[in-house]
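Per-chain residue numbering starts at 1, and chain names A, B and C are given in the order in which the chains are listed.
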């Protein structure tokens, strides 16, 4: 952020926006709370739903951020990587269900399903890199973006052709129905599992990037490809590894997503993909902690925002405007912090 | 080179001039109705003179009768349109020949939006061998498509347009009919069911931003208030691609409604059903014909049990639907069960067209047939007591043909069972 | 050498086999099989598989690359052996699918492994023998394709062209037949109807027409080539073919540098103008409609080209402008618009559309002023979504109709909604927009945008007010987009929020990129290819977006500078390719070096 020496028109406008937003938030929240539209348990439910969805966004966002950190390109097709895993694992799940293994041998069946999803996503991600992105390493930055958009359409319709157009539903697990009660607050089991699993995966990624040789090579490549190559790092391999890690995380995210919503279709990846992309940018793209934070923020904003801010004003169907709130927050955050919340700011 | 170029240029200029002079009178003017009046289809000839106001379509011996379809067969709504398309294909399959000719289907995509409807309708009406159109899937595509087909004098029957405006006095286009239920009829039926049968006084609604769902729930709200003084505790809107409905349902649950009406489509509908069972277990759930399908039952699983759905009475046709239609459908589509509901309406629409063609076609000795477009239109609008699989169909002056008796079914152990009226 | 040729053949065979399995299992073969190419003999599904085998064979027989840039042709023996191998491998993979499909029901998972696919692949009743037939057929096609390498150019060319022509004429049946039928109705004294019946039967070519075309096309091509040779002999020089092409390219892409047009050029330009004027009546309703749709996307593409191509601001939410243009028109002109219905005429509404465009351009432009690169992309994407959701929302429904949209938008008087007449204002506005874009690019403003795109800091240092020029780019882009939207509204006659989803933005961007970023003829060609072709081949609807996606990827890999590159931009692209560090350092500079970090930075 360039520090202004005097109070310019831009500053005036920025301050007006700050004050306007603050007033809107305060009045909106006050009106909602004072009217007592929602009970406390409802707020609890909004927040846990938001966190659960947010952690899935965060897992997908990590894939965006990792690739961006290394190649400086937006892998627009990452949402489809997520879809590929979840959609393919559906067949593993139904097959297990048909032979009665799903419910009886949970410790065999769940890892099997998870593995199917992760491996499929990994294969799709790596193929994507090999076929679509590798030839474009040195191309101007718009070119890989368009390629990624093309790949996204291609993958959506490929899986639609392979597995059919209609949405499919995972078999439900009795054991996952019902609530856990934690600190007097009840939270649906699926949500709790999703949140815990997402946190574990993120910790694992942290460890991988910070502590392992692979992680060190990845960081080196993201600093400077040429220097890294001179130091004896195989840049191509690191890039493939990055895509593979992103793919595995997306596959896992796919299974967590279906745990909550149990429906899969060829187009299921597009919207979460865009949301995760938003989350990655919100947090500061290229920054792993930022992706996690951005995902959570976005999830909570979507779940809580419309009710807290809009319901009080008597806006009809506030949920419809949840994405308006999410994107408006994104715009505002970037207006004040152009490189995202945790992104490195220029000149500060 | 130069010389050659110059000569060919002059030649092309000449051709263009001739083309412009010749073409103008025939195609000019907004009155498109006169253009497609082609006796242009195929070779047919003889001494036949077409006396139809709009024009005739002629099929020579051995030429198939061509009908078009403009249904959504791509994108996220594809299962809606593909299902209807399969319904038409089943009708063609089971029917065999019509007036001694095979039937050929030219399937176009309406994209479930206005521009797709326009493009599909223009494509079909610009082909003078298309005698009738089945479409569109979505009302937003239907609005421009009805106008274009009517201007061109091609009759169009929609299996799934439900928007009231399409058959309202002011907006109705003369060549447009539909076998789907008008939202006003279906919304009112559901309100009546809730008031009279269930006796509830509070309800909440959800729509998905489609004209269909938005209109249905609006009609329901209106009638619910009117018929039994019911209170609407909340209305919400979702996206058809949304998957997380927990916040929406939590927010609606705050109003403690006895009844939740969400006339949306299979994918989102199944998710709402599952999530609503956990968040508001006491509330009765209900939807409309957009979810009245085996695909929905499969997607929603056990959560669907006890849910109410309004739709056509498919038991009307006796065993025909189960024993003949469904196997043929599987054959045509490769799916084990219908993927949506409007295949039944599409099947009826196709058969209405075939019946009307047989009624108005003038057959010559060599098998050549002539079909008057206006005559076909009039025959369709005169349809009365047509026994289809969605009921007994009678067309009104504004093109509403659906059997007005809407039934409500309850899901019992994973199957529909008719409970009302 | 022979060994490496065979090794290459195995790879090609495997890739071709995978491609064949892909088109089969994704459902393309079954879906396209009913589409006749030669009615009664060949379906499009079979032809697709045949093309795969053909390409595999041709590639397997191609000269080998030896060392840097040098190629060595293979001898006849290796060519035939390699192509036989490649074809047989591809055929064997497909044959294996047939055998597996016969034994197990794959359809539980792969819905397209259906009876229809089996029908298309089984030439006999028995799976094993069908598989063997597939291997043999595939190998035979591959060998025939490879044999082309052994033929001299003047024989090879007519053969390939005759095959391509047959395929094209057959594929374009829906258009050509309707055109012929229409022409027949207008000029009944000419045998257009007879021609249509001679060529086509049930959606495909007749067998006689196929044979006639296969014979006729080579004759025409050989005749043409001889004419060329005669002329060349007369001029006593031997220009190569590519020289000729360059010659033509010069006259079309650089009209300014050649001040004086030759007579023949003037005639051709005049012809082109005359064609533009008479086109709707020659082409008929259907194609006029398609041209109208293409025209709308040309407007969008030209507008987005200003934002992305000239000013270098990546905008993924361009649909917002399109939507605002449509809705402003709808609200102002339609008597059915809720709340506010002044019922202006289209032309009276147009100035308001422009004002709205400027406002929305500034509204989008302001918050994104300080953003660069990918941040800009996601924010504009978000703004586009916001526009769609607001128009859809129950909240604004009392003003803009919500889910029910706005109906009964009157057509622009006195033109009407007939696509043959609506064509004129759309094409007129496209021409105006192209001229405006062209003069902007070559003005002071254009040079400022250039400087800003190449390096913002430097531009600012040289005294360019980047804020002003960025906002100007957004406002101009918005104006084009809004006019496109206004025409969209009157063309369709009703607006619904579902027409304004992100696909429109992606389409517009793809048009700009495919045509060649910063290039006006490129935008026109891009719109014709990406919007026109899918519009014409709508029956392929289910797979339209699949093909579209594959096309985008392939284009970007094979020809990233676009179909008709802007010369200056092309130079820039080459420059950045020469300088290896350019890309990485560029990205780093734009985003504040976002390297992978796990903690909070900065």
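Things to note:
Methods note: a contact is a pair of C-beta atoms (placed from the backbone, for glycine too) under 8 Å apart; a residue touches a chain by one contact, two chains touch by 3 or more.
Values in this document were obtained by computation on a predicted structure and should not be read as measured data.
By number of C-beta pairs in contact, the leading pair of chains is A-C.
A simple rule picks the central chain: find each chain's mean C-alpha point, then take the one closest to the mean of all protein C-alpha atoms, which gives C.
In whole angstrom, the spacing between the mean C-alpha positions of subunit A and subunit B is 38.
With centres set at the average Cα position, the gap from subunit A to subunit C is 31 Å. Multi-chain contact residues of subunit A (touching two or more other chains) are listed as 164, 316-317, 320, 323. With touch defined as above, residues shared between interfaces to two or more other chains in subunit B number as follows: 78, 209, 235, 237, 335. Shared interface positions of subunit C, defined as residues touching 2 or more other chains, are 111, 392-394, 545.
Across the complex, subunit C meets subunit A through its residues 22, 25-28, 108-112, 308, 314, 366-368, 370-375, 377-379, 381-383, 385-386, 389-390, 392-395, 397, 502, 506, 509-510, 513, 517, 543, 545-546, 548-553, 555-557, 560, 573, 576-577, 580-581, 583-584, 586-588, 591-602. Per the touch definition, subunit B reaches subunit A in the complex via residues 76, 78-79, 82, 209, 235-239, 241-244, 246-248, 250-251, 253-254, 266-267, 270-271, 274, 278-279, 295, 298-302, 335, 339. Partner subunit C is touched in their complex by these residues of subunit B: 1-2, 5-6, 9-10, 12-13, 16, 19-20, 22-24, 26-27, 29-30, 32, 35, 38, 40-43, 64, 73-75, 78, 104, 106-109, 111-115, 118-120, 122-123, 125-129, 140, 143-144, 147, 163, 165, 171, 207, 209-211, 213-215, 235, 237, 334-335. Listing the residues of subunit A that touch subunit B in their complex gives 37-39, 42, 45-46, 49-50, 53, 164-169, 172, 177, 188, 257, 260-263, 265, 267-268, 270-271, 302-304, 306-307, 311, 316-320, 322-323. Within the complex, the subunit C residues that touch subunit B are 107, 111, 114-116, 174, 178, 181-182, 184-187, 193, 197, 202, 231, 262-264, 267-268, 270-271, 274-275, 277-278, 281-282, 284-286, 289-290, 293, 392-394, 402-405, 407-408, 416-421, 488, 491-499, 535, 538-539, 541-542, 544-545.
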